[in-house]
Structure formats: C-alpha cells, structure tokens
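Read through the structure below, which is laid out as structure tokens, and then see the notes.
When the chains are written out, they are named A, B and C in that same order, and each has its own residue count from 1.
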Amino acid sequence: MIEIESVSKSYGGVRVLDDVSLTIPTGGITSLIGANGAGKSTLLSVASRLLPADGGRVRVDGMDVATTPGPVLARRLAVLRQENAMSVRLTVRELVAFGRFPHSGGRLTAEDHRLVDEALAWFELGPLADRHLDQLSGGQRQRAYVAMVMCQGTDHVLLDEPLNNLDMRHAVQMMRMLRGMADELGRTVVLVVHDVNVASCYSDRIVAMREGQLVAEGPTPELMTPELLRKVFDVEVEVHELAGRRIGVPWS
Amino acid sequence: MRRRRGVQRWHVAVALGALALAAVASLFTGVSDLTPTDLLDPDEAQTRVLWTSRVPRLLAILLAGSAMAVAGLVMMHLTRNRFVSPQTAGTTEWVGLGIVVATLSFGGTSVFGKMTIGVAFALVGTALFVWLLQRLVLTDVVVVPLVGILLGGVVSAVTTFLAYRFDLLQSVDVWMNGDFSGVLAGRYELLWLVLAATVVAYLWADRFSVAGMGESFAINLGVPYTRVVMVGLAISSVVTAIVVVSVGSIPFLGLVVPNLVTLAMGDNLRRVLPVTALTGAAFVLVCDVLARTIRYPYEVPVGMIGGVVGGVLFIWLLLRARDRAV
Amino acid sequence: MTAVLTASQRATRRRRTLLVLGVLTLAVVAAYLTVDVTGSWGYALQQRGRRLAAMAVVAVAVAVSTVLFQTVTGNRILTPEIMGFDRLFVLIQTVGVFFLGAATVTTTDPRLRFAIEVVVLIGFGAVLHRSLFGRTERDVYVLVLLGVVLGSTFTSLTLLVSRLIDPNEFLTLQDLLFASFTSVDRQMLALSAVLVALVTLGVWRLLPRLDVVALGRDTAVGLGVEHRRVVNRALLAVAVLVAVATALVGPITFLGLLVANLARQLLGTHRHAWVLPGAALLAVLALAGGQLVLEQLFGFNSSLGVVVNFVGGIVFIALLIREPRQ
C-alpha cells in the first residue's frame, strides 16, 4: 500500500504538485492519467523518493520514503523513469542482474541467478540475454529495463510511461506482461500513461490529475466517463463500449 | 535604420574616448620618466624614449589587438560558431610550431623567415581544423572549439618536444607569451601588414556575412562560397601568424572580444567589425597597462594578464550560453 | 557487429586480458630495472626502483581517480585533469608561496600542507558538482570546454602570480612545482604511497555500489544506493588522488583518459572490480614503458608527459569525433 499525504512540490516558483493526497491499495494495476504537465511523473518520482517533496509525506507499507534507508526501501519498491540513457555498456543479463543489488549488494547468489533467469524468461529476453543494450531495438531495450525492475522482486513497481517509443505490437506485449506481474505474481503496479485507452483496457484503478491536483480516483469503469475525461483533458470525449471495454474517442 | 539593443553612436564615441585615454596612459607608463608636460619641451632622451619605445609599443598594441579581434570575428562567422577563433582552432599553436621549425632551419635571427614559415603553418593548421570539422559528427557549438583546443594541445606537445630536444624550451615560452616589452622602432613594422588584412576583412564584410549564413544561402545570393570562406580563413591565419611572431599570443583575445561586441550589437558584420577592432585594441591596451604597473618597475608579460581576464570572460560567456540553452 | 558471447565466455576473456596486462607490466618493470645497467647494480636498482615506485603510485592514483570521476559524472570523456583539478593544485601552491612566503610554506609540515591543498581541491570538486554536473545531462561538452578553459585560466594565473613572487622564492616554488619522476623526494614518495593505498582500499569497499551509480542517479536511487553519499566519497577520493599525483610529478593531462577508456575497451565491461585494476596496470605500462623507450631509444629523461599529452590529445579528438550524442 502506498499512502500519499498532502504532498506538494514546486519548481522555480511553479507549483507542480499541490497538496495531493492519495492511497494506492495493494495489488492490481493503477494508472495515473492527465494532460502534459499535470504532475503525474512528478508524483511518481516523489512517491519513489527520486525527488524530495517540499511538503507532505509518502509511506510505502507504513515506511516514510524520505527517511527509510535506501536499501530497505529498494526491497519494497522499484521504479523506472522514462529516460534511461546510460553511459555504460551492459549486456541485458548484466542489466537485469542489477535488479538483485538491493538484496545481494553485487555478489549474486544462486537464488539471485535463478531470479534473473526468471525475469529474462518472463519478458522473453532469453535469446537476447548476452547482447549489449546498444545492440537492441528500442522495444527490446525497454523490456530489458522493465525486467530489471521486476527482478528487484518488490511488492510495488512504479513505471513512468513504460510504453514510450513502443509500437502497437510491443505496447500490447508490454501491457500483457505487466498485467501478468499483477495477476500472477501479485505485484502492485503503478503506471504513468498518457493514452487513456491503455489505462482503460489494462488497469484496475485510475488516478486522474490536472494542474498538480487530484481530480478523481477509483475503479476504472467509474472513471471512464465523458464528464471526467473532459474535466481532465479539456477535450470533448465520447466513451464507447467495445467488447466489454470502455474506449474514449476525442472529438471537437 | 534599426538600432538593435540600444547601441548608439554615443556609445561608440565613449568607447573611442576611453581608448584614447588608455592610449595616453600607455604612452606615459614606463620606467623612464616621461610625463605629458615633458612633451612641450622634451629633452633628447625623452624624445628617444617616446619615438623608439613608447609610440611603437602603442602602435603595436593597437594593431595587434584590433587585428586579432577582427580575425576572431571573421572566423566565428565563417565557421558559424561563436566559440571558434584562432585561439580555439589551434592556429596559434601551429604558428608556435612554425617558429620553432623556422628557428631550427634558419637560426634564430630571421624575423622574415619566422613569419613566412609561421604563416605557412597557420594556413596548414587552419585547413586541417576545417577538414576535421567536416568529419565531425557533432557540429555542436561546444564540440567544435573543443576539438580545436585539443588539436592546439597536440601541436604544442610537438612544439614542446622539439623545443626540449633542441634546448629551446625557454625561448618558446618567451615567444608564445604575449609581451610588448620588446617592441622597439624597427622591430614591429611587420605588424602594419595586419592592418592591411583588417581593411580587407572590412571590405569583404558583407561577403563574409553571407557565407556565414550557410552554403546554400550564399550560392542563392550569387556569392562564391568556397572562395569567400577560404579567403576569410586565410586572413585570420595570416593575421594570427604575424601577431604571434611579432609579439606572442594573448589567449582567448580573438574569442572574447568579438563575443562581447556581438552580444551588445548583434551580428551585422559590417556594423560590428569596426567596433570589434576598437574593443580589441582597447582590451590589449588595458591589459598591457596593467602588465606594466602590476609589478612596477618590472613588467609582466601581457599574455598572462590577458589569459586570466580572457579566461574568466570566456567562462562567463560559456555559462551564459548554457543557461540560455537550458 | 561483434559476436555474442555468453557471460562465462566474457568472464574468461576478461581474466585472460587482465593476466596478459599483468605479465606485460611485469616484463616492462623488469626491463626498466635491468636494461643497460652500467656500473654499480645496487645503485642503479635503487635509483630506478625509486623512479618506478613513483610511477606506480602516480599510475594507480591517476587510473583510479579518472575511473571514479567518470562514473560519478556518468561520462567517459571527462577526467579530473580535463576539469582543471591538477592545474588548480599547482595554482594553490603558487598562491601559498605568494601570500605566505616560501619560508613558511617549506617549513610547514608537508602533511598539513597537503591536507590544506586537498581540502581546497575537494571544495572545488564540490562546487563543480553542485553547480555544474547533473543539472542537465546533455551539457557534458559545455563542461569539458569549461574545464579546459578553467585549466588554461588557472595556468595563466599561476604564471602571473609566480611572476609577482620574489625571484628567490620563485626558486623554491619551482622545486615544489616542477617535480618529475627523476627527482622525487623519498619522504614524499612514502607519504604518497600510503595515501594512495589507503584511498584505494577505501574505494574497494565502494565498488559494488559504484557499479550501480554508473547506471545513473535515478536507477541507482531506485536500487537503494545512497547515491549522494557514494558520490561524495568518490569525489573525496578523486581529490586526494589527483593531489597526490600532481604533487609527485606535476600535471599529466591525458594519461587518465587514455587508460580508463582503453581498460574498458579491452576488458569489455564497466565493472569497477575489473576496470580499476586494468586501468592501473595500463597506466604503469604506459609510464614505465614510455619512460623506458624514451630513455633507451632517444636518450631523454623527462619528456614523457609531453608524449602522453600528444597521444592522449589525439585519442581525445578521436573520441569526440566518433562519439555520437545520446
């Protein structure tokens, strides 16, 4: 469970997060949606202690992220940012193995090796395991990063725009894998997503933000309404039911 | 006519006034007693000091300062990069290598020999720099001068090696460090050549402007791009070679002055060029007066003062450029 | 495209590479000690041994500091020397002599003197790190150019200040500044060796965390590494190591850049546990081998730094030209 209590954050006088309070329950996929600059990524960064908050606090399983020692938190919560340009040249296996660092501090045990193999298999990276990251396509690389985060073996996984740079096939594949992590492995997955329909089709809960504030949160079907989407995105959106899913279609 | 960023005639007038004042200060600074009132009734010694030392020194400073600043301005336009100048393209270091080679082949006496070989090396060096630029994947505003500076470092390593081998290390230090204390009548006259080069640069200013806008732009306007670029770079190289051979190098002079002037006045080359020349002269003049007074009665080479002042200004320009870009 | 190797094949290859490097280094060391000894063996071994020890200390210091610095800054073209650390060290010493006088400086306990110098370097590193690094990741080239200009300004300032110093005091300063492998003080060498050993041991305990820090700040924090603490410790180590190396033999700008990149290339990994020993061996190899060749083939004594800068400058330019921006 992630508890966010009246968190605020400003950049150079601009308030990016304004007194946000939110509880993300254990289990399932929660998607943060909102227009550009609504504060989704910032909220994710604050919740994962990549950014310090100006006010308020965030607790993961009751532990304050600002004061909990890094290694302890890293065994409870894993995070992946959007930009992951690395200056070092690693193979896929080496990268994924770093996911075990919070547990083994760099000296991999047999158990660690097994978990690395498992993560590689889960994300269908086995054949690519000994390739260098710079030899992969954008979609494969993205999968490798998410595999590292999964390999961290945490209950909470926070991902910022995991579908960035992925084409339709790879995006669907990625969402299926994340869905599996939530359903089969019981992880709590939190995503920042800019496509409402991805959020609608794959997540259990939606958190909608606008201009640094929380607009609404709740189970996906409740939030996929024309009224709410208009409020969040400032665009008229029709919501249609298609094969049991709610799909938003913007029009003007 | 548009007046950009508020630079007006009177600004130029003030700058000219300041330059004149500094020039007068320069004339009357030195170990031998010479005050303005002495000019009314100079004795023989004073006349000699004035005409063999002070006036030539002032002229050398004005010529070298203005020409180096203009050389930098032209180079900056032609490479379309405001951090490229003879001192960040390795040109200065090539001249240094040329001087050492000349000394080794002709002995240390022939100024003309040094100059010829210095000019040749400067031309080759600048050509090499341009050739490297065309091979650069990143024609980034910062990578280009970086490559130039490093190239200069490599060349000066060769120079140092040769100098070490043939026991010229101390002479090289003296040659390379900008210093006007050795300027006497009969020893600086080559510098008048750079005045000619500066005038040519002024006459061609519009062509350089057009070439600076890019090859297709230039061809569209009927300007022979390659030829203009070659002439411009040749002017910069020749000026650099003559100045370094005559008085040594003043680090970053050709970079800092054009940058400051274009910051204030915009990029219209014809308009900016005269002011750049004046500012360059004033910059060197002030540094030289400082160099002569900071440890009076001894002199410090002006290149060291220029290196500190120029370096600090360069850093400021870089930080400023970066903050703008962010 | 390179063939895909499995993890264990890679490890075997790495081990072999490191072994070959070790054997080569031993061979060069043996050759350096024994080639062409005339006269007393005891005396020759003692002399050469001391020189070799100095080289080893400097090699380890330069290699470790460069690798750490590159990890912390997340970039493989930055080195402490390129950012002007070593020039600053020289400047501090000069300024010290200027303000306190040579007598005070030389009679101060060398350990205290060294401590003060290291503190200033750490301060400089902290300022650089806080104000320049990490603000935006793309402005590395601005940083490099900034460092180069800083270095050049520090040098100008050093020259300037040393001119202001009394000539007699200047001699003392020269002894302090222009050290070379041939004139290393025994006590200083012992102190340096101890310092380098201590720092390297301290760094060894950081290695796994440094591997993670190399992945970038966010990933490192996400993996539970106390990023800032590791970075601070690494910068502390860098400051001490640079100070030691510079105090022993003066600035050798490009050595670190050469060996750090070459080590990563040869070993095909970024793991510090491999790269650090590899880079250190390469540095010993470069210094001892270079000195051997220069002494035996060309009969030179102290121009190794010039050769390193020549080769290093060219490699750096090649890196800049080839490296596409991310």
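Rule of thumb we're sticking to: a contact is a pair of C-beta atoms (placed from the backbone, for glycine too) under 8 Å apart; a residue touches a chain by one contact, two chains touch by 3 or more.
Just so you know, these numbers come straight off a predicted model, no measurement behind them.
Ranking every chain by how far its Cα centroid lies from the centroid of chain A, the top place goes to B.
Taking the mean of each chain's C-alpha atoms, the chain whose centre lies closest to the overall C-alpha mean is C.
Centre to centre, using the average C-alpha position, chain B and chain C are separated by 34 Å.
One simple way to say how far apart two chains are is to compare their mean CA positions; for chain A and chain C this gives 41 Å.
With centres taken as mean Cα positions, chain B sits 56 Å from chain A.
The touching residues of chain A, when paired with chain C in their complex, are 48-50, 69-75, 78-81, 84-91, 93-94, 98-99, 101-102, 105-107, 129-131, 135, 149, 152. Those residues of chain C lying in contact with chain A across their complex are 1, 4-7, 10, 74-76, 137, 207-209, 211-212, 214-216, 218-219, 221-227, 264, 270, 326.
Residue ranges on chain C touching chain B, taken from their complex, read 135-136, 139, 141-142, 144-146, 148-150, 152-153, 155-157, 159-160, 163-164, 253, 300, 303, 306-307, 309-310, 313-314, 316-317, 320-325. Of all the residues in chain B, the ones that touch chain C in their complex are 83, 132, 135-138, 140, 142-143, 145-147, 149-151, 153-154, 157-158, 160-161, 164-165, 177, 251-252, 294-295, 298, 300-301, 303-308, 311-312, 314-315, 318-319, 321-322, 325-326.
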